[in-house]
């Protein structure tokens, strides 16, 4: 009995596994067009221009990337259109980066699209989101002759690297998270095609699902610090207004504590601590002198404080809250916290900023 | 052979049986079904654990009065033959429906996320076949499988690390930010993730040391609660309230956050490994259904397993729309809430009868 | 299993031997002529007559089983130079029992017939050509004793008994096999072995009814609890130190004439991954190797199936660089992954089989042909992808990690189930197959003891000597598997 059951099981296995491969229900890897990067451009409120690139691994092929562009009003309809133009079954299983043109983001369709991707079971939640200054299609159609293929180039570009900590590298999970978190607003990296190379230019700031403005790289750094990023690779500052005294810190450890008190007249207390090695200094202080170093530390602190204050005031003016300062208030708040409440608090907020800098060593400088 | 002996379950068997029957599809969607509570949901598993631990007391007390009988026999002894038999019949149906509900919901998830091109039929057959193989060895075989399942799947808790790292710990406060209505709603939909421990009433007569069963089953319950609590905390940290409400299976998204250099999409591996947890849960209900059929027909036969399995296959393949089926399963889960409280009534009946006897 | 037993009983009944005619009815000892008649057409049967003081004697033996020098020394010379006492130095043998007489001759003993007294005598002269004790080829180790069992039961018994000097070590002999009448010896240490186990194995051996035993492996398969399983349920070793180790643990060791391995029962799944060298190495090395072997088993059954799953169902699980690489290597392959994997796995099997059957010089050539010509050429022709070649090679290597050869065969068989399951349902199929495998293993028993100890714990101290081998001071207790009468190994 056991033998017969065993034989039946084996034969079913054989027959079934053989069948499926023959019928081609499940296309295997080489028959799949695996989209690695998708770009969306704005046409009008209903239609969009969708560009996808797929890596083409064939060694003999001249180009290693297949680019297809379609006009569509829905993501899946677009995929069907793309399938009809490609020689393979198109799939989103290997989607890595989604690019949106600035116009697309400013018109507010982006939120819907990202949420749609977020809910798709094929799409991983760690797909990167970025805003392109002009056209996403152009960026994807561009040929980068010194790169192996466009897919890996763009994918690698958005991997976290040592010197790009100013950029948030937002994934679709983080985008949806920020977008649905009433405490804070969304940020995403902002890229631009310049001289046939993709530059990460700064941050795109969102409010209520629409892109509002862009911030510079330096502001990006401060936002990352305030959001709680602890390790910074290099942090450069110009201490005086003329640009005579410059400082660069390396291996910086930062610690930011944001506290808020009193919901009626909110006061935001920001305590920041920096610790790092002095790697570059331009100015007339004597670094061998302990007193001068103390002074330098103070000046650096002051400068950072000033920059943070400027940034916060700017945010207040723009009614954008990218940091999530009021989390501590929410922790004690009864009831549903809304975005309006955040905006209201931001308007009333006062800032108290305490910065402490500690130069652990002055490195090789003398 | 093991099947012929009556007392076969050791303490650790009981612990892992209770623990693995409880963990199933419920954990995958727990954060979602508790989402009416918002961020304050993370500690609710503890509350559920307390409730479970309290409701298991009458069950074990009742079973201790009838040491060699399972619930089917107790029904017949306490309520008379006809009443008992008809109740047992309902219980049998309940077990069969839960068996198919567990399988159906899991395979549906598989179809959505892993094998979209496939009809459910193929893996359904294999799934039921393997459940039958497990149950054929009796409750001890199931218990052994539970032990292995625990070690095969328990380590997946490590994958929560990534969610924890990128999560916001301040989400854990405030603790009581919800209304009573929200709480009831969440309990109604969330408690079914912890249901399953009541099956101890059926395998109780097989336990070697019945007097220690309470301790062991409590360990099992709190082991489950520990895992639920971890998932609850990390889920609350990693998601916003909107996400908790709109993601059907938050655990899978938590697995997607895992960042390893040699393999990606841990959620795919997670779902497929989940099959072990589903097999133990489904196996337990199949076993109960088999026992029910045994007691209804007053005959101990292995063929009852096949009968139940075939019946389940038919039930799942009935041409009923998905929505009706879903609501039906949901109702059955509510029925199980009643079933958890049912032993209290039985205890009362028992006490009354004993007084009369005197 | 019940059915198996029933079938066995039916076979037994149908083959019941006709009871031998009782010798009491015969008036006189078996006549020489009738012996001669039974031994006709056995051309090496020798009937030689000598005239001694006691009268005429006939010496009967099979010349192929006896060394001529020995025969000359202990029988012919004394007979010829008889001083009157020589007849007493031989054992008497029942002259009425023809069967016994014939058995003695066939066993290689010499039967002497005294015509005057009508009396049969017996001399033990069995001395077949034997190979000397060499080092073990299949279970070679660097550390530890190098001797290994040979095909002679006597030599094997001596190899074991020279390691355990006590009267507690028992060796009980049985003769089994309808046609071969093979001698086996059941060995155990009396005050350690579990009586239930011993009873069981004796009963099973007595119930057996099989034509002939050429090697102990056949006996092993017949004695197993579940003959349908792909897994070996009893241990086998050709190393006396391993056999003694199991004896000391309270196991039963069965040795057979003409087979150079002995059987150890009961035995667990995890022990199939243990090598006797583990106890000679430091515990750190031993642990490392055990983890490697144990993980090797699961990797070898999972590696190529995962390739199939990833390529045909879940391309999402591949990291980007790996994806590009795999796509490149797959781009020219015309088959679906399942066929590709089956194809190359079968080629490896064929290579292995061809290599092991050929004389060693040809075997090397086959290795080169297989490895270089087929491997490289297949990739260049685009029949298989080079990623897969690497994976298959690794999994083939891993399958040979296990010290137990039967276990490594089992792992290779099980792998095909996983390959087909992966082709069917991808990762889900793999997990379902794993569930089947684990459930099967959990329900296996070895001589009534769960095969999966210590996963199914018999005693918690087993954990000290499982995948992780703790320092020997922790491994004092006997394993739960053997259910020994004395649990603790004596320290002094």
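General remarks:
A, B and C are the chain letters, set down in written order, and residue numbers restart from 1 in every chain.
Quick note on the criterion: a residue touches a chain if its C-beta (ideal position, glycine included) is under 8 Å from a C-beta of that chain, and two chains touch if they have at least 3 such contacts.
The model shown is predicted, which means the values in this text are computed figures rather than measured ones.
Chain contacts here are complete: no pair of chains fails to touch. Counted by C-beta pairs in contact, the busier of A-C and A-B is A-C. Every chain gets a centre from its CA atoms, and the centre nearest the mean of all protein CA atoms is that of B. Distance from the centre of chain A peaks at C, each centre being the average of the chain's Cα atoms.
Separation between the centroids of chain B and chain C, computed from CA atoms only, is 45 Å.
Averaged Cα coordinates give chain A a centre that lies 63 Å from the centre of chain C.
Averaging C-alpha coordinates per chain places the centre of chain A 40 Å away from that of chain B. Among all residues of chain B, those that touch two or more other chains are 118, 122, 264-265.
Among the residues of chain C, those in touch with two or more other chains are 313-314, 316, 318, 424.
Listed for chain A are residues 16, 26, 124, each touching two or more other chains.
Interface residues of chain C facing chain B in the complex, by the touch rule stated above, are 313-314, 316-319, 322, 424-432, 435-436, 438-440, 442-443, 450, 452, 455-457.
Here chain B touches chain C in the complex through residues 12, 110, 114-115, 118, 122-123, 126-127, 130, 133-134, 137, 141, 144-145, 147-148, 152, 261-265, 268-269, 272-273, 275-276, 279, going by the rule given at the top.
Of all residues in chain C, only 3, 228, 310-316, 318, 320-321, 323-324, 326-328, 330-333, 336-339, 417, 420-421, 423-424 touch chain A in the complex they form.
Looking at the complex, you find that chain B touches chain A at residues 38, 112-113, 116-118, 122, 129, 168, 170, 173-174, 177, 239-243, 246-247, 253, 256-257, 259, 264-265. Chain contact summary for the complex, chain A toward chain C: residues 1-3, 6, 10, 13-14, 16-18, 20-21, 26-30, 32, 34, 36, 55, 57-59, 91, 93-94, 96, 122, 124, 149, 151-152, 155.
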